[in-house]
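Two complexes follow with chain A in common, the first pairing it with chain B and the second with chain C.
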Partner chain A sequence: MTEQLYTVASDSETTGEDKSQMSFPDVAIGIDIGTSNCSVAVWTGHQVDLLKNTRNQKGMRSYVMFKDDSLSAGVTGGATREHGHEERDILSGSAIFNMKRLIGRMDTDEVVQASKSLPFLVQTLGIGVRPFIAALVNNMWRSTTPEEVLAIFLLELKALVEMHLKHPVRNAVLTIPVAFSRFQQTRIERACAMAGLHVLRLMPEPTAIALLYAQQQQQLLHDNMGSGIEKIALIFNMGAGYCDAAVAATAGGVSQIRALSGSTVGGEDILQNVMRHLMPDFDSLYAGQTMDRIKSIGLLRMATQDAIHKLATQEHVEINVDLGGGHKVSKILDRGEFEKVNQSIFEKCEGIIKQCLADAKLTPEDINDVILVGGCSRIPKIRSVVLGLCKKDDSYSGIDPLEAAVSGAALEGAIASGVSDPSGSLDLLTIQATPMNLGIRADGGNFAAIIPRNTAVPARRDMLFTTTHDNQTEALIAVYEGEGNQAEDNHLLGYFKITGIPAAAKGTVEINVCMDIDAGNVLRVFAGVVKPQGQAVPPFIEVRMPTLDDGHGWCGQALAKMYGSTLDVATIPKKLHP
Partner chain B sequence: MPHLAASPTSAAAAAPASARVAFLRPGRVPRPPLQTARGLRPDLGTLRTAEQPTLYDLLGISSEGTLDEVRAAYRRMARKYHPDVSPPDVAAENTRRFIEVQEAYETLSDPSRRATYDRALARGVCRLAFSSSRRVAPYYYQDQEDKSGWRRTWGDQIEELKRRSMTKDSEENLSWGARMRRRTETSSSE
Partner chain C sequence: MVGFFSLCSSTHYYHLQLRNGSVQYELIRPIKYRPRSIIRCCSTTRGKAREDYYQVLGVTVNSTPQEIKEAYRKLQKRHHPDIAGYKGHDYTLLLNEAYKVLMRNSPRNAGASGRGFGRGFTGNGYSCWNGPVRSHALFVDENKCIGCRECVHHAGETFAMDDVLGSAHVEVQFGDQEQKIQVAVESCPVNCIHWVMSEELAVLEFLARPQQKEAHGVFGGGWERPRDVFAAANNFTKRLQREEQQDMARQQRYNNGDACEKGETERQAEARHRAGQELRWKRLRDVWNGLRDWTKPGVDGP
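Let's turn to the complex of A and B:
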C-alpha cells in the first residue's frame, strides 16, 4: 500500500495534529464497523473528526474484494471506479460483505441460513459449527472466514488512520450491536488482534450515541441554554444488520444507561423481503450458485436497494430490471405495499422499544428526546413507529444518523485513554449496563440468572446453589447468556466442574457462584463450596468467560449426553421470612 | 488452603460484636484504603460511630433528600468512583465503592424500596445497611498484580460466606439491596 492511496481529511489541520500527536500519542480511535458501511473517527485534541478515504467518503462500504492474489477492502476499494460499477463488482461473488452478520455464528443460526442468498458462498451443514464461506477468484471458490475478512478490512482502516495521524495506532474503541453475544465479541477482538489493533472497549452502539448526546447536553449547559436537569433519551439505532434501542438518563455529563435491547434485524432483512416480493420464486430460481445466477441476484439486489432508498422520499417507485435468462422484473412498488411486506420487521422494532421502555420502568411521557440513527432510520415507517411509541412529533435533530456511533466511540476512546480537555468537553462518563442476563444452568434445564440484564457495570453478584444428589462430589457449572428461561435457549459461554465436594445429603451443601464484570466488560465467574466448612472443602475456582470456541449447541448436548443430571446443581429455595 | 488461617486469628483478636469488621482486615493488605476512604468521604468517619454507614451516608446526602438529590448525588459519586474516571492506582478500590454507591442508588431511587428501607432504618433493624459490600467488595478489587492478594481475599470472602451461612437468620445478613431484590423476586414469582 502506497501513501498516495489515502488522503487526509483536512490538510489545513496539519499543525493541530502534530500537537495532538505529541501530547497524547496513544489515544484510542473510534471504529464503527457496520454491516453495510464502516467509519472511523479520532479525537484531534479539541474535537472528534471523521476520517475520509481517497474518494472523500466518511462512510466506507464494508467488504473485502478477493482478486487473483490481491485483496482490497472497502476502505480504498477500487479507488477510481464509479459507484455503480463498484457495487456490481461487490455483488459479483468476488467480494465478501455482511461480515458483521456472519461473525461468531454457527451454521444452524437462521441469520447464517438467510445469508445463503448472498452472491458469495455461504455453505452450511446445519450441525452447529462455523459456516464455510468463500469468494469467487478466477472461477474458483476460495475459502475464508468472517474474522479474516474483518481483519483485512480493519488492517486497511488502520493504515488509513495512520496515514492521517502520521503515527502508529494501537488502541481502538469499536461499537457493536446490543444483540452481540459475548462469544461474538471475542470474534471481534480476535479480528482486531489479527489487524494489530488492541480493543480498549467494545461499546454497544446506542451507548456510543448516548455519550455524544451527553456531551451535547453538557455543551448546552455551558452555553447557559440547558437546565441541568436529568434528561431521558430513547435511542433507536437500525442499520443494515442489527437494530438496537437504549434508554439513557443524562445529566451533568453522566450518561446512565437504564436499559438496552436489540435484535438481529435490519436493512438486509428488509432488502431480502422486498427481493422475494418482487421475485416470488426467488428461492427456487436461485438455489445453487452459478455465474449467471450470481449476476442475476446482483442485479435484482441493486434494483431493490435503489427502490427502497427512493421509497424513503417517494410514495411509489417503478422497478424495471432485466435479470437475464428471460427473467424480468417490471413493477410499480408503492409505500403501502413495501410496509406490508415488511410488517414483521416493524413489529420487531416495536417489540424492541417496548421492552426497552418496560425495562427502564418508564412511560413515553418520561422521554425528553428520541434519537433516531442508522441507515434504516430514514425509512418513514420506522420513524413513525418509533415516534408513535414514544408519543413524540419529531426526533432529536442534533445528531447525524450515520456519524453518531463512530463519533461516540472516538469520544469514549479519548476518555478511556485518559485524555482530559481543558474546555471540559471530555468531562463525560457512561455508566454501561449489561444487555443480557448472565447465569448458570440449574434445577434441571432451567436458567438461573445471577446478573440480570440492565445491571449497571461494573457489577458483582452472587447466588447460592446446592447439590441434587446424595453424596454428590462434583458439580457442573454451565454459564449461559441470554433471555430464555431454559438454559439451552441461551448462549453457552463456558462450563467448569467443581470437584471434591464433601459427601453429604442432597441439598445440604452450599455452593456459591459469583459473577463479576469489570469496567472493561470482562466477565469472571467464581465458584466454591461454602458449606460445609472444613479442610475437606476444595479450593474455589475462577474462570474467565467465555471459554468456548465453536459449537455452543454441541457442547451443551454432549455434556447432557455424557453426564445426564449427575452433576446438576439446584438453586437453594428461598427461605421464608421470619 | 493458606487463606483459611487468617480467619481464626482475626476472629480471636476481635470482640464478637465487631467480628465482621475484624474479619475484613486481612483482606485489606498493606495499602491503607480505609484512610483513603475517610479522606474521600470525611462525613462517614465522624458522623457515625457505628461501623455501618447508611445508604444515605454512601451517597453523602441527608435522609430527607429528594429524588433529584439522590440522582444528583449518585452522579456525583459516579464521577468520583467509576473506574473509567479513576486514576489507575485507586481504580480497584473505587470500583468497589462504585458498586456500593450503585446499590444505594438503586434502593433510594425506588420510592417503595426507599420507604421500606426508611422504616427499617427508623426501627434500627437495618443497622447492617451494607453488609453485602463488606462481604463482597473489599477483597476482590485489589491490585491485579497482587495475585496472591486477590486469591487470599477471595478466600476471605468464601470464609465470610461460610460464616454467614452458619447463622440461622440468613436474611439478616444480606445487604439491604439484596434483601429487597429477593423480596421482589419472591413476590413476582408467586
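Let's turn to the complex of A and C:
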C-alpha cells in the first residue's frame, strides 16, 4: 500500500490544540467502526476520552476517498471541509464507504446485492466469492477490497490517536455487530493487522454498552445512590448497517450477557426503501453506472437522508430535488408513509427483541432499563416499538446514543490490558455470550449444535459422534455457525478430516468433537477417536477456526459433490440430559 | 491469518496452545493408575459432582440462587481471563459450568427447602451406579413387591431387601453382570422390576420412598407412598417444571442480592481449588469407565 495514493476521511494534519494526555503506553484503544460513522476513544487514567479529528468531530464519517496521485498531494483533508461538500464528494463515486456491510461477504449475499446501488462499483458474479469493488479515479475504476479500505481508514485513525497520545499505539478493542460471522471477524482482524493494530478483543456492540452501563451502576453504588440490586437491561442498538439487541444482567460491576441477537438491517435499508419509494422506477433508471447517473443517485441519496433525519422531529417533510436528466422528485413525505414503507424493517427489529427476551427467559416486566443507542434509535417508530415491547415509558437516559459503544470498547481495552484504577471505576467485567450456535454437520445435512448460542464465554463443550458406514475409516468434520437446522443454512467455518479410524461396524466407533472458545473469542476444535481405545487410534486434531479464507460459498457444495455421504458422521442419540 | 497470528503470538498465546492441548491429553490419559470406583449416582452424569460444584463456587448446598449468583460474580471478577490473563481460562470454564448446573437446579432446591411440595427432593436418586450412568436403569415398584427375595437371590449385588418395609429395592445399578440381572428381573413372580429411563429414576425412587403425610393434630399423620408410582412420577415431573418456571420468574423479580465484598479465607480458597481438581478428575474417570466397557452402549463424558 503506498499511502500517497489515498486520502482518508479522518486524515488529520497536526492540530494546534494539544491536550498532552496522560496515558499508559500499553492500554488498548477502543474503536467503533460504524457503517457510516466511526469514533475512537481511549482510557486516560481516570476516564474515557473520545478523540476528535482536525475538524473537531468525535464521530467521523467512515469512508476512504481515492484520488489521483497528483490530486491527493494537494488535498490532505480527505473530502472538502464544508459538510455539504463532503457528502457530495463521498457520493461522487471516488469514495468507498459502507465497508462494514461489505466486508467478508460473498457475492451471493443479498446485502452485497443491495449495495449495487451505491455510487462506487460493486460487481458480483453470483458464485460465492468476494465481490469486486472499485472506486472511480480519473474516470477509471480502480479496484480495491473492503479489507484494504478498512485498513487505510484504521491507519489514519491510528495516526490520529498517536498524535493525541504522543506514543505508538499497538492494541485495540473493536466493536462489531452481533450478526458478524466468525469469518467476517477474521476479515476485521486482517484489516487491523494491515494497519498495524493488534486486535485485543472484538466485542459485540451491545456488550460494550452493557459494560458502560455496569460502570454507571457501579458509580451510583459508590455515591450511595443506587443499591446493589441486580439490574436487567435490554440494549437495543441500531446503526446504519446493523441492528443488535442484548439482555444484560448487571450487579457489582459485572455485566453478564444473558442473550444476544442481531441482524443485518439498519439505516441503509431504510434509506434505500425510501429512495425506491420516491423513485418507483429506481432500479431501471440506475441500472448501469455512468457519470451522470452516479451524480443523480448521489443527489437523491442526500435528499432522502436529509428527509429521514427531519422526520425524526417533524411530522412531514417536503422533498424537492432536481436529479438532472429530466428527473425530478417533489413530494411531501409524512411520517405515516415513511413507517409504512419501512414496515418490514420495524418488524425485523421487533423479531430481534422478542428473540432476545425469549432466549434470556425473561418477560418485559423483568427489564429494569431499556437502553437505546445508535443513529436509528432517533427514529420515533423504532423507539415506540422497542419501548412498547418492553412495556416501558421511557428509555435509560444516562447513555449517549452515539458515543456509548466506543466508550465501552475503551473501557474493555483498559480492563483487558490489565489497568487498575484506585478509585474502582475499572473494577468491571463483562461475561460474554456466544451469539450463534456452533456445531458440525452430522446425520446427513443436519446441523448438530455443540455450543448453543448464549453460552457464557469462555466455553468448552464436547459431543460424541459415530460413523455412518461399516468399516468407515475417515470422517469429515465440517464446522458451521448459525441458527439454521440444516448445515447449508449456516456459515461454513472450516472442515477437516479424521483419518485412520479403526475399522468397525457402523455406530460403534465414538468420535469426540470438542469446541473451546477462550475469552478472546478464539474458537478451537479438537476432534479424535475416543472409542475403541488402543494403539491404532490416530492422534487428536486441533484446529483453530475459521480456516476458510475465501470462497466459502461453494466449499460446502464441492465437498458434498466430491464425497457425498461417504465421510458422514452421525450424532449418538443423547440418552441422558446432563 | 496464520502469519499474522504467529507474528503477534506472545508467550501468552504459546501457553494457551499448550494448555488447550491438554484436552486431548485428558481424554486419552491411561486409566491404570486410577482405581475404578463406584460412582455416587444421581439422575445426571454431572450431578454426581454437584457437591463439588458447590465447592467450586464456595457456596453451601442450601444456598439460594442469589448467593450462588453473587459467588459466581465474585469469583469471575477474580479469575476471568480479562482480569487474570490466560491462566484463568480453565478455571473460568469450570465456573461457567458449575454456575450453569447449579442455577438450573437451584430453583428446585430452593423450592424443596421452602415449600411443602417436593420437600426433600434433591434430583438425586437413592441407588448407586456401578460404572458409568447408562440410558436405562432398574427400578422396583415397591408397592407391588411381595418380598419374595428372588431378585436378591439372583443378583445380590444389585438388589437388596428392606426388612422394615418388606420389599426389595435397587441398591446398586448394574451391580451384577448383565445376565444375572436379567435372570433376576425375569424371576420376579409379580413382575415388579422395571427398566426405566435413567432420567426418570430419581423421581421414581424419591416417590417410592414413603413420604410423611401432613398431619392435622394427631390425625392423618404417618407415612404413605403413591399407589401408582409411575403416574405419580409423571405428575411430579410436570409440577416440578411448573414450579421451576414460576421460580425463575419470581427470582428475576426479587433479585436483591447485595454486593457484599467478603474476602474468603485461605482455607476456603484451598477447598475451592481442590474441588476444581476433583471435578476434573471425576470427569476423566467417567470417560474412562465408559471406555473400559465399551461393549455396552453407555453414556460417558459430559
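Simple rule for what comes next: the second predicted complex is superposed on the first by the 541 of 578 C-alpha atoms of A that agree within 3 Å, B and C clash if a C-alpha of one lies under 4 Å from a C-alpha of the other, contacts with A are read in each partner's own complex, and residues count from 1 in each chain.
Operating definition for what follows: a residue touches a chain if its C-beta (ideal position, glycine included) is under 8 Å from a C-beta of that chain, and two chains touch if they have at least 3 such contacts.
Given the structure is predicted, the values throughout are model-derived calculations rather than measurements.
Aligning the shared chain A places chain B and chain C in steric conflict. By the document's definition of touching, both partners, chain B and chain C, reach A:E230. Looking at the shared chain after the overlay, A:K531 reaches both chain B and chain C. Once the two complexes are laid over each other on the shared chain, residue contacts for A:M163 go to neither chain B nor chain C. Once the two complexes are laid over each other on the shared chain, residue contacts for A:D516 go to chain B and to chain C alike. Applying the stated contact rule after C-alpha superposition, one finds that A:L220 touches neither chain B nor chain C.
Residue contacts after overlaying the shared chain place A:L285 against neither chain B nor chain C. More residues of chain A are in touch with C than with the other of chain B and chain C. Contacts of A:A114 after superposition on the shared chain: neither chain B nor chain C is touched. Judged by the touch definition given at the top, the superposed model places A:A456 against both chain B and chain C.
Of the two partner chains, both chain B and chain C are touched by A:I415.
When both complexes are aligned on chain A by C-alpha atoms, chain A residues 229-230, 251-254, 256, 415-416, 429-431, 456, 458-460, 462, 464, 510, 512, 514, 516, 518-519, 526, 528, 530-531, 533, 539-540, 542, 574-575, 577-578 touch chain B in the first and chain C in the second. On the side of chain A, the complex with chain C involves touching residues 186, 189-190, 193, 198, 221, 227-230, 232, 251-254, 256, 361-363, 365-366, 412, 415-416, 418, 427, 429-431, 455-456, 458-460, 462, 464, 510, 512, 514, 516, 518-520, 524, 526, 528, 530-533, 539-540, 542, 544, 549, 574-578. Of all residues in chain A, those touching chain B in their complex are 229-230, 249, 251-254, 256, 415-416, 429-431, 456, 458-460, 462, 464, 510, 512, 514, 516, 518-519, 526, 528, 530-531, 533, 535, 537, 539-540, 542, 574-575, 577-578. Within the complex, the chain C residues that touch chain A are 1, 4-5, 7-8, 16, 20-21, 23-24, 27-28, 44-47, 69-70, 73-74, 76-77, 80-83, 85-86, 88-89, 92-93, 96, 99-100, 133-135, 197-199, 248-249, 252-253, 255-260, 287, 290-291, 294, 299, 301-302. For chain B in complex with chain A, the touching residues are 1, 4, 68, 71-72, 75-76, 78-79, 82-85, 91, 95, 98-99, 102, 136-137, 140, 154-155, 157-158, 161-162, 165-166, 169-171, 182, 185-186.
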